[in-house]
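Quick heads-up: structures coming right below.
Each of the next two complexes has chain A plus one other chain: chain B in the first, chain C in the second.
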Partner chain A sequence: MKIVRVLRLAAAALCALGALSIFLWLAGYSPWETARVIAEGSWGTPAGRMQALGKSSILIMTGLAVALPFRAGLFNIGGEGQMLLGGLAAAMVGVAPLAFSGPVHWILCLIAGAAAGAAWAALSGWLREARGVHEVISTILLNFVALHFCNQAVFGWFSAGDGASRTPYILESAVLPALVSAGAARLSWAIVFACAAAIALSIWLLFTRPGFTLLAVGANPDASRNAGIRDGRVRVAAMALGGACAGLAGAFETCGLSRAFFARFGGGMGFDGVAAAFLALTEPWAVIPSALTMSSLRTADRTLQLEIGLPKEAVFIMEGVLLLSIAVFFRRRVRAE
Partner chain B sequence: MPNNSLAVFAPVAPLMLAHLGFIKAAPLIWASLGGCVSERSGVINIGLEGMMLTGAFAAAWGADAAGNPWAGVAAALLAGAAMGALHAAACLWGKANHIVSGMAVNIIALGLTGFLLSRVFHALGNSPEVPSLGGWFIPGWNAAPVSPLHPVLIVTVFATVYLMYRTRYGLRLRACGESPSAARAQGVQVTRYRFAAVCASGALAGLGGAQLAIGDVSYFSVGMSGGRGFIALAAMICAGWRPGRAAWVCLAFGVIEALGERLQGAVPALPSRLMLSLPFLIALAMLALRSSSLRQPAALGRD
Partner chain C sequence: MNESATAIKTRGLDKRFGAVHALDSLSLEVRYGEIHAVLGENGAGKSTLLSLLSGLLQPDSGSIAINGHEVARLSPASAARLGVGMVHQHFSLIPAMTALENLMLGAEPGVWRLNARDFEREARERLAAFEIEIPFHEETGRLPAGVRQRIEIARVLLRDARVFLFDEPTAALTTSESDRLLETLSILRERGAAVVFVTHRLDEVMRIADRVTILRQGRAVSRVERRPFDSNQLASAIVGETLPEERFPPLEPSSGYALTLEQAGTRAIESLSLNVQRGEIVGVAGVAGNGQRDWIDLILGLAPFQRGRISILGAEASFAPVFQRREMGLCYIPEDRMSDGLLEGFPLWSNYLLGSGGASWWINRRAASAEARARLDAFAVKAPSVDAPPETLSGGHQQRLLLSRELDGSPGLIVAHNPTRGLDIRAARFVHEALIEACRAGAGVLLFSSELPELFLLCRRIVVIHRGRAVEARLASDWTAASLGNAMTGGAP
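Now for the complex of A and B:
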């Protein structure tokens, strides 16, 4: 019963908003002001809108990175590490002096990013299937490994030099084409790709055989095995798919937004993907509105700090409370069916 | 100590290395004890990282506010227990998915500590210096001072093992994690035991945070727990959810980390940031080698 689930989601969101309002009020901020500043700061100005949509493209992908493996019965908390490696891979391909014309260069960058993320996630999947290591802990540990590896790249072998904490800028041909640009602000086609991916994945899950296989393994691994499905392989593939999404998120950031890989890349948006995925009840197309909501929070965090003095870390409190509320309202099975 | 790579092999070095390893391992041991207590009662707790971080901040805040580091320790214990209570309430009353709730706790802790750092200390990345627990320097022992919290930790490890395996309460706790229906049939209030266990695990992780903030250093730094809560979970799993063994695994871990640091100092050509990933790789390797032969509490994550 879909309506019931939407109502539950609304109830969860309202509860979270209520709890957050109490928290803000106790801390001396006005909940209404906070909401207003968030809305205005992210969607009120053209520059803000472009930034919010730009961040959304990344959040959609990191949300998909969590949602898809979850439908296969796995927790992919490794979106952050997969995103970092994807961004780094895209930056590496981006500086390669390939004399291609047209979109080939940035397409290669995106592919590199997706592949890097997919490989990293598949590692966790393999560890689970071959060695019995629970994917929650392996993906979390691998996040840290990826973080330090990427930091080594940024400050070591792939540094832009002169003490800059970033890699060299990618070539113009590797930058994603602009969808909209107004002066200095710019929105790339990443948002279109991300939305297309989300919708395509929902269709894929519902109407294709591999998609159904993934859902089957998530719903009942034993029955799937009896039906002849190699559930171990499906799980590894599901992790790889999720990792590819997260890697693409990193590639979108490198090729669409920042044009280089740098320290503190992505600002933790890999973790936001967890909240985005569950806010969407792990349904791929629903990750779009979910990511738009979360990116409003993320885009407005500095504005919040400037206008009402709310430290930008408060955004994490909001995310966490929302995630907790959804976890409580949806009990054990935070699932779309 | 002569800065010579061969100095690593000097006669008294193994003992010093063990001590340094213990210093590194102490926060991990606190957290893994917490993990064992919680998961043995049947509640998955991946929020240990957030509980440790909260404890670290509370320790800095408490020590600063009262001018006494032990007030910080008490604050860390209470703050950790409070975060534990949040996780327990969500999982046991709200029937939330344990893993999602744990992740939420981690995210909330990150936000809350950053937020409070800004409000209470008016600082951005690090808090100003706060009263720390200090330590005792043993003359002639140039490894590191002995922090007062370390003996407390050792006693706690023994106490936890004793409570878990030699008392009625420990048996009931383990029953909650293996077969809650059987426990209920015996009259055990499973939900209460679990709630208490999760709060206790938060308190223990919080004390680990106190060790970090006012034991090893004397300030709070954003994200200072640095993944230790997760490494503690890996240690707990490797130890088969046994607190005594988990403490040994954490110690081994700490020694390897200390050795890695020595190696780093001796061979400066090693990529320093990559070496930081060593703890996590080792934890992963430990899990990869052991996981297939381990058995988790039967009712872990279930009602």
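Now for the complex of A and C:
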């Protein structure tokens, strides 16, 4: 069975590459040249590598925010809103002048971000269990609430002033420590935390009782309920866990990359988490390679435009083709309820 | 139509699913103008046979000839062209559509022209010839199972089928609906159609079949070419041994109550009083859909408790959630094994984890597998390995699997809902013995069953449920067929 999956994955990748090659060739670009530029534009320079990995750290977390609830039978489209609130919460804690030394401050920022995302997602979970509101509806709508709440903060009560569309910069103690840095480019520890989270969640699902309970509720809520599992609570918890991941994504962005909460914060990475999760077939550890692939494409988009004149939006076509071919070859794992 | 012409003839049909030999060089001949019954246990290969005949599956070897011509590779489309139609066991109608719309689906007269009125007129005429009446303009989802099945038959009929394949058509029907279906089958036969009738209900075979083929473990072990049939002979051919005696020796209840309900109520139940002693099987008899589900939800703790008092093994359980009641000794055997009890796609060993309130955080795979192996062996579950998913087991072995999980560790109260539904004689016998065994060990059993013989076979007392109320409770020996039938249909017992 394992071999079948690997073969399918290879077939999906081949199909996607084949289709993309034809598409590029028809549009008058060399597929080889394009591949080379993507590789060089993202992984060819230290700055590119750091940018790609930095984006991955966000995308892994927003991908987990979709993948985990999905395994419990829920479709969390609210990663964007949960991420925004997480980022804002981290920014608020980050400006607080705390008299702590060492890593305490940024750890508090991460906790605040995770808590904000978890609470926002749990609200959707609770609405579903208590009032029967479908989580797709509530998460989509709560995204707008979160977005405009955050805009209000950026332009109003929490603005840095002077017409800047951002909050004040966070204190140095709240900045995530650098893993590596080269000149102005800098890569924070967020990528390590994100990978650890993805792997830990995979292990948790496969080898622990709470993880099994989540999977059981996702696979068969009726049988789970009959067996004494309080499936409603499990679903709310799964949403909260997913929301915590999205909230952490926001905190990583605030404390690791932007150092403040900006208007248009995160650049839509919350929504991109849906693609990252399904490209990984909602398997937590597999979100790592899937997020790396997507962020490599995104990092190279400008280079593509500069060097061979391929419009940078073409990377979205590439992502789309990849995701579609995965969906074709693994339709069972990419199907909602 | 030549009445004795051969409709379907198979030679040496062979089909394997992994290690399971589902069909073993099966030869079968079905003629026009006959009802050919295929009898067999669960897992005997009946459904596989029908799938091969209707083109859903391809045989590993062997041949199928339809109307005397061998068909190289039968597909559902080519089977339909050759006049072979399958009446599905799980209804394939779209509930939100009317009967007429469902009939027109896939049988549209032309791509551009869809004249519902003409279609309806023609359909009515053709169905009238078979005395099949259908409410054309009602929403299918609201119709009872028997009517929906008639629509299925009509759909096959309107596609000019001459060979009808039925897979346990009476499984979901009430007695009167079944009678009506059997009548329809006879009419189909009179009009010269060939009917393949897969079932495990002996009485139906005795009533209408012309010839019988009995499958056991994928082989045709017996063929009976003409009436009258000897039911004992058929039954023993199915099981492969002689039938066991009819009634279990009555159990004497021990002291103490496994379950007491004192004017207990939920949103759906006004007030229910009932008790089950330890060591006693209490049957709940009633026409399906009379509130059995609500009683079960109340006892299991699935519906919010509102009134009265519930105690399990003497301990107050009124407000206890499901898992606490299970810890108190409650276990549940649901009606639908796969969708209410087991986890599809999960290995067997992890199916045992469901509902086991283990305290440890980590799952010890090796220990869990070893324990699963032991329990599978204890209940003689035929499974390729502990890593196989439950949907690969036959219905009877899925039920064994469920029993081996639920009855583990001396349960005090067993709630069973149609525990032998869809099972063959031997598998049903196994379930009965397991319940009796648990009872001897001191458990009380509340058995919801739509099979009256099963209730009389097992129960000391029988309660009749009608429209959500407990109408009357008596010792099984005090009920007569007449009094029970009256109570179940709302008359005076």
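In this text, the second predicted complex is superposed on the first by the 332 of 337 C-alpha atoms of A that agree within 3 Å, B and C clash if a C-alpha of one lies under 4 Å from a C-alpha of the other, contacts with A are read in each partner's own complex, and residues count from 1 in each chain.
Here, a residue touches a chain if its C-beta (ideal position, glycine included) is under 8 Å from a C-beta of that chain, and two chains touch if they have at least 3 such contacts.
All of these numbers come straight from a predicted model, not from anything done at the bench.
With chain A as the common reference for superposition, the partners chain B and chain C occupy clashing space.
Ranking chain B and chain C by residues of chain A touched puts B first. In the superposed pair of complexes, A:319 makes contact with chain B only, with no contact to chain C.
Of the two partner chains placed around the shared chain by superposition, chain C is the only one that A:216 touches, whereas chain B remains out of contact.
Of the two partner chains placed around the shared chain by superposition, neither chain B nor chain C is touched by A:52.
In the superposition on chain A, contact of A:208 is made with chain C only, not with chain B. In the superposition on chain A, A:227 makes contact with chain C only, not with chain B. After overlaying the two complexes on the shared chain, residue contacts for A:112 are found with neither chain B nor chain C.
Superposed model on chain A: among 27-35, 99-107, 207-215 or 387-395, the stretch of chain C in collision with chain B is 99-107, the rest showing no clash.
Common to the chain B and chain C contact sets on chain A is no residue at all. Listed in rising order, the residues of chain C touching chain A in the complex are 300, 302, 321-326, 332, 334, 339-346, 350, 353-355, 357-358, 360-363, 365. Interface residues of chain B, counted against chain A in their complex, comprise 46, 86, 90, 94-97, 99-101, 103-115, 117-119, 227, 230-231, 233-234, 237, 271-274, 276-277, 280-281, 283-284, 287-289, 291-292, 294.
Touching chain C in their complex are the following residues of chain A: 207-210, 212, 215-216, 219-220, 222-230. Within the complex formed with chain B, the chain A residues making contact are 27, 75, 77, 127, 131-134, 136-138, 140-142, 144-145, 147-149, 151-152, 155-156, 271, 274-275, 278, 311-321, 323-324, 326-328, 330-334.
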